[in-house]
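Same chain, two partners: subunit A is paired with subunit B first, then with subunit C.
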Partner chain A sequence: MNKLLLVSVLFIAAALMGILIGPTALNGEIFQLRLSRVILGVFAGGILAFCGGILQGLFGNPLVEPYTLGSASGAALGGSIGILLFGTINPVFAFLGSLGVGLFVYTIARIEGGLLRDRLILAGVVMSFLCSSLVMVIMVIGGRELYEILYLLMGYLGVIVDSSNRLLIATLIIVSFVLVVFLYRYSRELDIISQGLETASGLGINIQKFSIIIFFTTSLLIGFTVSIVGAIGFVGLIVPHISKLLFGPKHLNNLPASFILGATFLLIADTVSRTITVYELPVGVVTSLVGVPFFIYLYKK
Partner chain B sequence: MAIEAQQITFSYVTDEVIKNVSLTIEQGEFLGIIGPNGAGKSTLLRILCGILQPRYGIVRIFDQNIKHIHSKRIAQHIGFVCQETHFSLNFLVEDIVHMGRYPYLRAFQKQSKQDHKAVDDACEAADVSQFRKRPINSLSSGERQRVVIARTLAQEPKVLLLDEPTSHLDLYHQSAIMELLKKLNGQGMSIIIVNHDLNLAGLYCQRLILMHRGELYAEGPPQSLLNRETLQEVYHTDVEIIIHPEKKIPQILLK
Partner chain C sequence: MYMVLIVMFTCSQTPQKTGQRIVSLSPAMTEILFSLGARDNLVGVTTFCDYPEEAKRIHKVGDFSHPSVERIVGLKPDIVIVNLPEQLRIKEALEKLEINVFVSSPQSLSDIYEEIAALGELIDRNAAAESLIQYMKTNIKPSEYKRIKRVYVELAPRPIVTIGASNFLNDLLELAGGKNIFSDLERDYPIVSQEVIIERNPEIIIVLHPKDIGDRVGWQEITAIKNRTIIKNLNQDHLLRPGPRLVNGFNELKRVLSE
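Here is the complex of A and B:
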């Protein structure tokens, strides 16, 4: 299994790069800053790609990504409201926004005895649009806070971790890892769902219950992620595809690979975003700039 | 009794698709459900295996109310094959057949010797052993349907439910699948099949159920059920009936 080895080596290289490369020389303080960036990068990149893989499996749709279901836009909306009220990014507001919109999407999609799964996508997309418009409204009202909201929308790993938020962030990361393991238990179900809902039902999967579990758990995870580092795009859409190209259709293999590849990809993108210009670019800009050509290359091959 | 349905009624929103249908299926039967488009055949089949829940009425499998059986437990008794499966991920045939063991496995549980044997037997029975290492989407639709049957056999069900399994297959694959079902039936498995092809249904099924506008219109062996008057009534089509020279079963010709 030398693909696995290659991926692990890439991952370690990306992590080292995240710590060693930068405009200033390495000292104790800089090391701490960069280490927390690397930890946040592994957390966010891994979770976004993992959730993308899970959701593409559940919906049998290659275009679904973590933000399709509205929870990321909800987090951005909540975060923007927080900025408008208090002037700084506040993870609690972002998380409440994500949870609120998630619940709202579920309520719209819910019908008696119908297929919840297919309605979730449309409800999620519609709510995403609504949230984006509301964020624009807040940006217009807020005026001078626009810059902070931009980072929330495009993603930023340089969150200052200090005594005021260290405990919160550490707790969110630990809870997220527990949820990831919980979701990973369903890899067999996701394999089966790729053959259609009736097949899955016939094999004993309760689709309604399964969709609810996956929807709420991924919404929580995405809410956690966006509330800390903002809505970093593209990782959750593209990395699962790359993972499937490399490791095959079995979710037992491609989900963990998605996690590691997502982390690697985000670390590389963050290093680029920190070093390519004098100003730091939002990392979400770099993920698409770097990711699209790479994906086209792999896809054509 | 393998499956028993009592006064089943089912509706999508307001339209009643199944109206007060009762039927019993004995273990070892080969039963065909026939009827015009929209008569409720496929819906009835899905209710019998618990994929759809009836609005009113009770379904029992092996004398237990289906509502009170865990869905994985149901899948250990009843296998369901749908008309055409779309494989959105390109798994190996072998991996697909292994998915038939899902009802017996917990999360992360490794497949045991018994699971592997069930898969080997299922591949052998459905005659897909030669494709085991091939990706599913490289097979023809007839071959893919046999893989789906192999996956369902890996569930080791006592009853097999099939919704028009041959409707888009050529003559060879139609007969291959029907012969396979006949063989399985000979080994004691109950077969319930929804089929549009009345001639095929007549040749293989011991008993037919004719659905019409959501109701059970008639039931009986093909010899008595497939007659000109009944078909005229239900299908609004005038037909000619001849008797199969070998099997002595009515076969229907269009006029």
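Here is the complex of A and C:
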């Protein structure tokens, strides 16, 4: 259990870092600001890594995560349609975008009796491109500026919290935690499925129904996350691997660890992105700088 | 009237020595051309060129970010005015087709004056250009108002975009008796963090987007928020378009800063 201690200490250190380090001196107001940012970071990083871990288990594919599967960009696409229609980003639209694109990618990769590993990722990445282009088109039609698009597609934790969005963000965070607990209860089934689909159906798991539940719920989570902070890449890819390395293949152990490590990773990335200059960088820039080499390493393995 | 227009149109189709055919992809430059009396030279503009009223009736070649090269070329222009950095791609495409391009990319008030002079030279309206510059210079001059206030200008909330040193609005603000809290940043439109805004504690906040900013988390100790000196109703086009109407924008700024 030393590892659990280590992970918790790391998490607390990252959270403290998020509150103590910054371009300005800490005071009451700055504390509130950084605290809300840390909460967003824990929420987004945790959810993305958790979803990454679950999707990797479901597909038996180590390269899957919300970003490479296209569902994060799908959520951004849905979100931008919401922006065009209502002026603000809308979690329901983001969810529908995430679900739609995820299902489409899944359909492309499916063959008789299984999924093609490379095709899943290829289709996901290609759909990601398509969604990003569509986001551009929609945002430009809506008279939005390019930097807004960039921050939506790369993710940004410096979101301004005020009375117009406070309640929505709090609700989405609470609902997301309920969904996370709900998904966590399927840890055992995920263990069996990642052993192979045949064993799983042999043991009486209704794979189709199970996949639908997982897919639907993770899409909700991804949609909610993207609607608040934008599409942050690669947290869901890197973190579950580290978590499995530390806590083994059992989802009962590695999923909670993924959540905590995901939060930790994103908090560190955000601290880097907001302190290296007075300008604000999208946090996705930092996670991609770490994530892409990691992806290539995994792919080669 | 309609006949006259048709006649004018057919006339301008045939090549003439006087009266160059100009396409303006910059709303500010369109306004400048109108004040130089060059309305008849304008054969194409963007959908963003909405001032003066008359500009809306000129043939449209696309919007500000996506003008159509084909439509521009179809108008057989002698000069196309492009705005950098936004229209870099269009500029390159037009130059490949050997079309004369006039670049507008003002980062300061003096850049604006220089561009007006250069444009006047190019279309042979030096005197008009000179008097426009004089009009702007006499109206935009240092305010005698003594107490300089720290001002934060917000152009967009997500991400937060403000103005830096190489932005003519920065010059305008300082002449009007304000101090841009981000005048130490080189860029024209820097993206900044909430923390730094809070630390630099502006006394006046000028908001150039429609969102409310009064109840943001972490902002409540800012002087401008406490004193409710948040300015929301300024005309964006008077402040963000580097053209003749900056004079109006300057007067509005002066009024706001002296209150």
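FYI, the second predicted complex is superposed on the first by the 228 of 301 C-alpha atoms of A that agree within 3 Å, B and C clash if a C-alpha of one lies under 4 Å from a C-alpha of the other, contacts with A are read in each partner's own complex, and residues count from 1 in each chain.
Here, a residue touches a chain if its C-beta (ideal position, glycine included) is under 8 Å from a C-beta of that chain, and two chains touch if they have at least 3 such contacts.
Remember, it's a predicted structure, so these values are computed and weren't measured experimentally.
With both structures placed on the common chain, the touch criterion links A:241 to neither subunit B nor subunit C.
Once the two complexes are overlaid on the shared chain, A:166 sits against subunit C while remaining clear of subunit B.
When both complexes are overlaid on chain A, the residue A:60 reaches subunit B alone and has no touch with subunit C. With both structures placed on the common chain, the touch criterion links A:250 to subunit B but leaves subunit C unconnected. In the superposition on chain A, contact is made by A:205 with subunit B only, not with subunit C. With both complexes superposed, C is the one of subunit B and subunit C in contact with more subunit A residues.
After overlaying the two complexes on the shared chain, residue contacts for A:192 are found with subunit B alone; subunit C is out of touch. In the superposed pair of complexes, A:117 makes contact with neither subunit B nor subunit C. Of the residues of subunit A, not a single one touches subunit B in one of the two structures and subunit C in the other. Here subunit B touches subunit A in the complex through residues 46, 49-51, 53, 70-76, 78-82, 85-91, 95-96, 99-100, 102-103, 105, 107-108, 148, 152, 155, going by the rule given at the top. Residue ranges of subunit C in contact with subunit A, taken from their complex: 65-66, 156-161, 185, 187, 190-196, 198-199, 211-221. Taken in their complex, subunit A has these residues touching subunit C: 22-25, 27-30, 32-34, 36, 140, 145-148, 151, 156, 158-164, 166, 274, 278-280, 282.
Per the touch definition, subunit A reaches subunit B in the complex via residues 60, 113, 185-186, 188-189, 191-192, 194-196, 198-199, 201-206, 244, 249-250.
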